[in-house]
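I have a structure here, written as structure tokens, and I will follow up with some questions on it.
Labels A, B, C, D, E, F and G are assigned to the chains in the order they are written; within every chain, residues are numbered from 1.
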Amino acid sequence: MVRSFAKVVALTAIYLLALGQIQPGDILVGVLLAVLLVASARFIHSIPPTEGASPMGPALRRIAGLPALIGGTLVDIGRGSWTVAHYCLRKPPDAEPGTVTIPIGRSSPSSATTWGIRVGVSPDTVVVDVDERRGEMLLHVLDARDPDAVRADQRDSYERRQRRVFP
Amino acid sequence: MTAVTVALALPWVAGVVLVGFDGRRPTVAWLAVAALLADLVALVVLAIDVFTDGSIQVVTGSWPVGVGIVLRADALGLTFALLSVFVLLIATTAEAINGVRLRTFPGLVVLLATGLNGLFLTRDVFNFYVFFELSMIVSYVLTAYGGRTRQLRAALVFTSVNLLGSFLFLLSVAGTYRVSGTLLMSDVADRMTEVPANAALLIALGFFVAFSVKVGLFPFHFWLPTVYAGTRPAVAAILSGAVANIGAYGLLRFGVEVFEPQLESAATVLIVLGAASIVYGALLAASRGDPAEMLAYSTIGQIGYVLVAIGVGGPIGLTAAVLYSVINGLNKTLLFISAGQRGRLVATAFAVGAFSVAGVPPAVGFVGKLEMFRTALAANSATLVVLLFVGSALSLIYLFQVYQHVFWLRSGPVGESAIGEAWHENSPLPLRALMLVLAFVVLGAGVWPEPLLALSDTAVDALLRR
Amino acid sequence: MIAVPTVVLIPALIWMTLLLVGGGLVLIRARDAIRGLVALDMLAVLVISLLALLSYLRGQPYYFDAAVALSLLAFVSTVATARYLGSGGPFG
Amino acid sequence: MVRHPDVIVRGVARLLLTPSIAVAAALLVKGYAEVGDGFSAGMIISLTISLQYVAMGTSATERTLPLLRFSPALVLGGLLLALATAFFPLAWGEPPLSHKPGPGESVPTVGTLELFTPLAFDVAILLLVVGVLTTILHQFANTEPEEEVR
Amino acid sequence: MSAAHGAEIREPRDGSRRRAPATDWLGWVACAVAAVGFGLFLLAWSADGFSVSAPWAPSLGLRLSFSLDGLGALYALLATGIGALVFAYGSRYLPLHLEHEHRPAGERWRFWPWMVLFAASMAGLALAQDLVLLFVFFDLTAICSYFLIGFDRDRHEARTAAIASLIITVASAVAMLIAAALFYGRYGTFSIPELARIAESESTTTAAAALLAVAALAKSAQTPLHFWLPRAMAAPTPVSAYLHSAAMVAAGVLVLGRVHPLLALSDGVLTALSVVGTVSIVVGGVLALGQDRLKQVLAYSTISQYGYMVLLYGIGGAAGNGAAAFYVLVHGVAKSALFMTAGAVTMATGEDRLSRLSGLRRRMPVLAVASGVAAATLAALPLTSGFFKDELFFKAAYAAGPWQTAVALLAASLTFAYIGRFWTRLFLGRERVADAVGGTAEITSSALLVAPVVVLAVVAVLTGVVVQPFAGLAEAAGNVSNGGGVELSPAYHLDARPENLLAVSAWALGGLLLVGRRLSIRASRWLAALGQRWGPRRGYVESLRGLSALSGIVHDREVRTLRNSIAVVLVPAAILVGLAFAFTPGKRSYVVGTVSGNDWLVIALLALVIIATVAVTRSRARLPLVLTLAVVGFALAAVYAFFSEPDVALVAVTVETMITLVFLVAMARLPRHRREGSGVPPTAPELPYADPARENPRNLLAGLAAGVGMFLALWGSLSHPAREPYVSTDLLTLTPVAHGKDAVTVIVTDFRGLDTLGEITVLVIAGVGVATLLRRGRLW
Amino acid sequence: MISTLLDVLGAALLLLGLVLHTISLYGVLRLPTTYQQLHAQGLATGPGVIAILAASIATENAGIITFAVLAIVFVAITSPVSSHAIARAEHRRYRRRQRHADRLEQPRGEVSEE
Amino acid sequence: MNLAIAVTSSLLFGSGAYLLLQHELIRVTAGIMLISQSAVLMLIGSGLFRGGAPIAPTDGPVSDPVPQALALTALVIGLATVALLLALVSRVTTVFRSASRDELTTSEAEYERALADQRRLDRDEAT
């Protein structure tokens, strides 16, 4: 219920943002549209989403974790940008770019997706592949000399930011 | 006013509905025939109005002229619309009798009628392009009807060449808007006088080339033989009897109504190209082994006559052009469809068509030839007279060579000629009867040519009065 | 109406246009299709940025519609092309 | 080759489905006042659908979104709706595309949404565009069995 | 395959074959129609004829005007009278013929309707008073003769003869149409009597008259367009009999007689007629001397005989016109009888060559006598009307001058010689036919095949005694051609007047030729050989073959290099642009335009477009091509944004994305390039493919030409933006009225909604088309 | 006051965005492997464009800002996906080459864990 | 600006035309695509006045809306045509097992050769 409500709110917001107007009528139309979409989304997907592999926390708590997730990601972006900019401008002779396998556990698809996006949006890491079944993510980093450090780093950012929202 | 809209809306709605059904079912095919018949009736009603009370104009959305798109039914447009829808009706009926093999055929033909009607009704340069493209895109699909290698090759050649033509047209529309600031034909014509000769002529040329490609005028014709010989006879009839009218009509409408000075300055070129078409078409038709290919080259030659007439211009020339276009459309429909059939009735029908093309009375073609000779004499050109003479002599040779070979020697078609695919040792009787009916139309129009003559006279009046 | 100083905006617009041209050149000069794809993806983003700047300059949001559409779906063609390269067809 | 689906692309495709429809709706609604119209809205929805195809593959997409099967109906229905909007004035002898409420009459609105026939026209275009493009993708993606034999 | 077809047809088809009926009721119907027609015309003519005129195509001033004047009556009576006899003959001949050829009796439906139409159109032609009407009936006779000559369609010579007659007569008939158009252009009418009244002697008239003469001469098988006629004997005998005597060939001289007042306005045309007539007399006569086939002798005779009439029309005046009319009448009677004789003989003996037939007098006494009379008529012996035809001929020729007299003498002797040879070979001498048929065969001839000949012989003799009916009719006809003043008084004069002297000389000379037949035949064969090598027939065949060869060469060239090329559209178009550019003032036609503000950025983007476009043309593999296309699209979308066109930019980016996608899905269905071989997995990235056309400099040139041409056109129009007021300003003001703010959307949905309706229909058809092409029209 | 602040902030974000874009393009031009180019490209497609979109706050135009927010959200979601898709394609191509070619061609300077 | 647009548009057209002449059908389609772009650019270039976006204009000049509307239509038609052409190419490729046009030319020539007999028969009808 809360999830659906959140979706309705998000969709209404998107509608209103795209409309660039916030008249009461628009909100009404937006909500109607959003409700319709959310209702039909359940109906459209005849194959139910294969979620539920890991129990979801209470929705409100998850939403509350969102700012931290976004903020943390922003920090990651900043750091990553700095690294990449450096690398672009003067490629350090000692850096060895390469792929690193990150264990992500048997997470839900939404979690894996979020992880991928979160990691991918930061320029210093490129998600090469995600294997749900093996619970692995193949990541390309600019300096793969110490894969374990990379893994630890990723694990840490997951634990601290993402798990609360997308376990 | 309502009739104008109905003539447009009727086939439009019917076509859309029909496209959704499996056209291989006889019911659907006959519904398409009914829709075309209804459209023809609507056009006839409209034509009666127009011929008695003059042109009828509708502006979309009741906006002022030029803001809304102007649809104007006049004698010229209606002449071509009647001809085209009639040809579509015949071809579809033939195909319905034969058994439609393509799900979308009936719907597409009705939509083609929509495109053509729109094109012949509109007075807006860009709207003309839209309907033009609508008709053409249907043609592209229809060309591939049959799906065999020749049809596909034909479709590919047809599509690529004609797309080039269409975009050329669009570029010219852009140029027209740039120099005239309007899209309404009459306003464009008025504004064109202020445009420097160079720009105006080049824009007009763009239109000319686009239409020439469409009708298959020499030297823009190379796509035509493959296509006409490659597609099914009914489609070839549609292409040469209905779709090619776009070119002839366009040359008349744009040439005379919008770009008159340009037309006059390019008259010689037009006549030369038309003459070249006549000679080339007749020459190449003379040794073809495939009746459809012979007819295709013949079409190239016949278009030459229309162009010569337009080039000479004046009431006589333009009347001849309109008349000849109509006659040619009827002839080619008759010939293309009957070339694929066998039987005595069909042989007679083919012969009637052949006589008509050669200008032998009482088939209607002789009226066209007479008008053509009047045109050539009006142009004071012995060369043209000789050319027309040679053209008709050659047409006699190539048509009857094939006639005898096909209907007297009774040789079956060879290879994967499209006509071969539609070939029946014993064509269904209704089909043969249909051919005979069409042959009677061709004969009847020759025996009593007054309606056609009056039609083309009125059409040209409408064109010249503007 | 124009809030961001024009002194900054106009050079920015010029620079962005040049970047777009540069991006296009990178794509054209790309050694293989994947590299081209990298550039194509970037090109879409450059167009988004350009549209945004144009919007700031004119003080009208209208150019943003195209930008939003691009940000929403320009990547479809990138992903599809990548799929085409990876598995011979754009779908799946 | 073992097909192993790409979770990220799939997830994002699923994630963007409804928001892009919301954006498209906004483009449609504000079309008369601002940028956008039925066509661009339809394009956006079509692209979203094609994103599903890209992410999940043809058969999976068409299984998960059974509504897609109605695309041909959408095409013809959309066009018929457009034709109805264009030609309904014929009923009282007005030229085609005379929209209602006409010039000078007041238009009922809900927020930005204006309830008049141009909206119906735009909706028709949207439906049609979505239908056509989906159909085209479907056509290209599905090879006819008998054809493969030939 | 076609050979098998042909063979199958020659075999009688089971079930369809019925025994040829003894009487052909269809033929009798035809005969009755002709006879009734004859009776009606006779009645009408005795009541001083009639005249009707009704509007036909008022837009062109065409009238259906018919008049039973003298000329009309003469030809109408000839056509129906001889028609009735020939049809009666045919009603016996045709069943025999069909049975002989193992063809079903149903084929007579392909015979008699044409015969009746032939007679009817001949009658129509006789009565027509309007040039276009004349042309119509003129061509109708050609159509009838085409189908009748080609009646035996399984025989190659019948088919070629049919098409030859069609080509020659119909193509030359076009000259008549041109003449009609000329007269109409000059005098505003097609009516012959009116033209005869108002036409003046001038160049237009001369040209038109010459054209009319050409049409008539070709139809009357006059040299050099005579060669179609001997071949036309491939037709069944009734056709030949009719065609040579009263229909087809007679139509030519009928037209000469009809339009003679117009021809007479030009001395040149009359002289030309005389010359052509003379040549035809000589050529036809000499060739007739050496022919072996019965119908060939008669066919060349026809050429020669119509030469007489043409010569007479060339001489003109009261004497010439009257004599010509009389000549037609008598010749019709005699020639049809002779043809029917030939047919009866062939039908009875199975032989059609003089060299294999002789001495038939005993077996076919009646026929021998009757055809003897016909031959005598043609040879102008006294007691037949033939005598008078030559009398009038000599009279007119003598009056016209010495060389005409000489020609007349020669003509008459030739006629005497060849027709004498024909009859004597057939009926006199030792009976040889038994050998040919095999001795046991019974030579019998149906009475019905002989009776019409007898009737005609009787007519010839009767009118040889009482000439008045023929003379009166011919006089009336001559009056039409001459505009009055014709008085014919054919009679036997037992004195030494020039006509009689000439007649006697002609018989003597003809007798000499007959006796010295070896020499005359050698001369004839020599002329025939000359004709074979240099004659018009050879010219006709060679030009057809040449046409075919030339056509083949051009066509091969087209197929090999032009057909699938689009350059043949581009290059001529570019040349036309070049011409247009060259012939219009170029000064101040082109304006560079101003560049301001962010235009510089647009120019930078356009530069990108240009670079990307060039890259598209240079890219070797498919995928880079598509990606580069996307660059073009994105850069253009940016350009549209810079031009303050957010709607266009929005649609452009979405369309661009969609097109890339469609390209990809389509490409996924295409095979990888051929040279990659089979060892490569299907998902392997494609290798670059060297397109042979890519390296072709001609293509580059064609593209360049197209680009340059387009550049001139586009720059030209861009240089001259329209002056105010613009319709766009109206649209902008009306946008709020249409309840909108975005002018572009309002235009698209309201002002120009019809465009949009068309556009979305195009989109739908494209979708349907894709379905049609890929999945046979299954939409899902 | 706030307006000026926003102006300054906007200008700064704009400059940042431009710089990132520029470095990104430079990197894509300069770096040798696809993966490395993807990192460089990420500079523009991620932070670069977000910075420029964020600069919209300086316009103080609600319409523009709302759009910018929307665009940021979408860009943030989609741009990693395209990078990933490209990387995945590269990865597959690499693996396929490994499988099909007899000789293994290790990309220069790359370390692979597989 | 006139010159710039004319150059670009005609270059697009010329390049498209050049691609149309090539054998590979995908390139032919790309040629059509370029020509369509050329037409749209020319339509945009034919605008008679320029200024801000023609949306709720308050003051100052706006861009000519008519060519924009036309360009929209042209863009859609371009999309439709390219899709159809690609389907055609795809079908042709399936049938001919080649995406190259010289195959088509070859098969056309073969077909014409097969007609030689019929051609002789035609000619024999007249001579």
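Throughout what follows, contacts are C-beta pairs under 8 Å (C-beta built on N, C-alpha and C of every residue); 3 or more make two chains touch, one makes a residue touch a chain.
Remember, it's a predicted structure, so these values are computed and weren't measured experimentally.
J.: Touching both chain A and chain B: give me those chains, sorted by label.
T.: D
J.: Which chain has its C-alpha centroid at the greatest distance from the C-alpha centroid of chain D?
T.: Taking each chain's C-alpha mean as its centre, the farthest from chain D is E.
J.: Relative to the centroid of every protein C-alpha atom displayed, which chain's own C-alpha centroid is closest?
T.: Centroid comparison flags B as closest.
J.: Of the pairs B-G and B-D, which shows more C-beta pairs in contact?
T.: B-G
J.: Of the other chains, whose C-alpha centre is the longest way from the centre of chain B?
T.: So the farthest one, by centre of C-alpha atoms, is A.
J.: Could you please state the distance in Å, as a whole number, between where the Cα atoms of chain A are centred and where those of chain E are centred?
T.: Inter-chain centre distance comes to 83 Å.
J.: Averaging only over C-alpha atoms, locate the centres of chain C and chain F and give their separation in whole Å.
T.: Those two chain centres are 11 Å apart.
J.: Please work out the Cα centroid separation of chain B and chain E, and write it as a whole number of Å.
T.: That pair's centroid distance is 24 Å.
J.: Could you tell me the distance, in whole angstrom, between the mean C-alpha positions of chain D and chain G?
T.: A distance of 26 Å separates the two centres.
J.: Among the residues of chain C, pick out those that touch two or more other chains and give their numbers.
T.: Residue numbers touching two or more other chains: 37, 58, 60-63, 65-66, 68-69, 72-74, 76, 79-80, 83, 85-87, 90-91.
J.: Please output the residue numbers of chain E that touch at least 2 other chains, ranges allowed.
T.: 2, 159, 163, 167, 544, 548, 552, 555, 563-566, 570, 626, 644, 646-647, 650-652, 654-655, 657-658, 661-662, 665-669, 683, 685, 710, 714, 717-719, 721-722, 726-728, 731, 734, 741-742, 748, 750, 752-756, 759-767, 769-771, 773-774, 776, 778-779
J.: So which stretches of chain D touch two or more other chains?
T.: 1, 6, 8-9, 12, 15-16, 19, 23, 27, 33-36, 39-40, 43-44, 47, 50, 54, 72, 76, 79, 83, 86, 96-97, 99, 136, 139-141
J.: For chain C, which residues are in contact with chain G within the complex?
T.: Contact set of chain C toward chain G: 58, 60, 62-63.
J.: Please give the residue numbers of chain E that touch chain G in the complex, ascending.
T.: Contact set of chain E toward chain G: 2, 156, 159-160, 163-164, 167, 541, 544-545, 548, 552, 555-556, 559-560, 563-567, 570, 591-595, 599, 602-603, 606, 609-610, 613-614, 616-617, 622, 625-626, 629, 632-633, 636, 639-640, 643-648, 651-652, 655, 658-659, 662-663, 666-667, 669-671, 673-674, 689, 691-694, 696, 699-700, 702-704, 706-708, 710-711, 714-715, 717-719, 721-722, 726-728, 731-732, 741-744, 747-748, 752, 755-756, 759-760, 762-763, 765-767, 769-770, 773-774.
J.: Using the touch definition up top, name the residues of chain E that touch chain D in the complex.
T.: Against chain D, the touching part of chain E is residues 646-647, 650-651, 654-655, 657-658, 661-662, 665-666, 668-669, 683, 734, 737-742, 745-746, 748-750, 753-754, 756-757, 760-761, 763-764, 766-767, 770-771, 774-776, 778-780.
J.: Quick check on the complex: what are the chain G residues that touch chain D?
T.: Chain G residues touching chain D: 53, 55-56, 72, 76, 83, 86-87, 90, 94.
J.: With touch defined as at the start, can you tell me which chain F residues reach chain A in the complex?
T.: 20, 23-24, 26-27, 30-31, 33, 35-36, 38-43, 46-47, 50, 62-63, 66-67, 69-70, 76-77, 79-81, 83-84, 87-88, 90-91, 109-114
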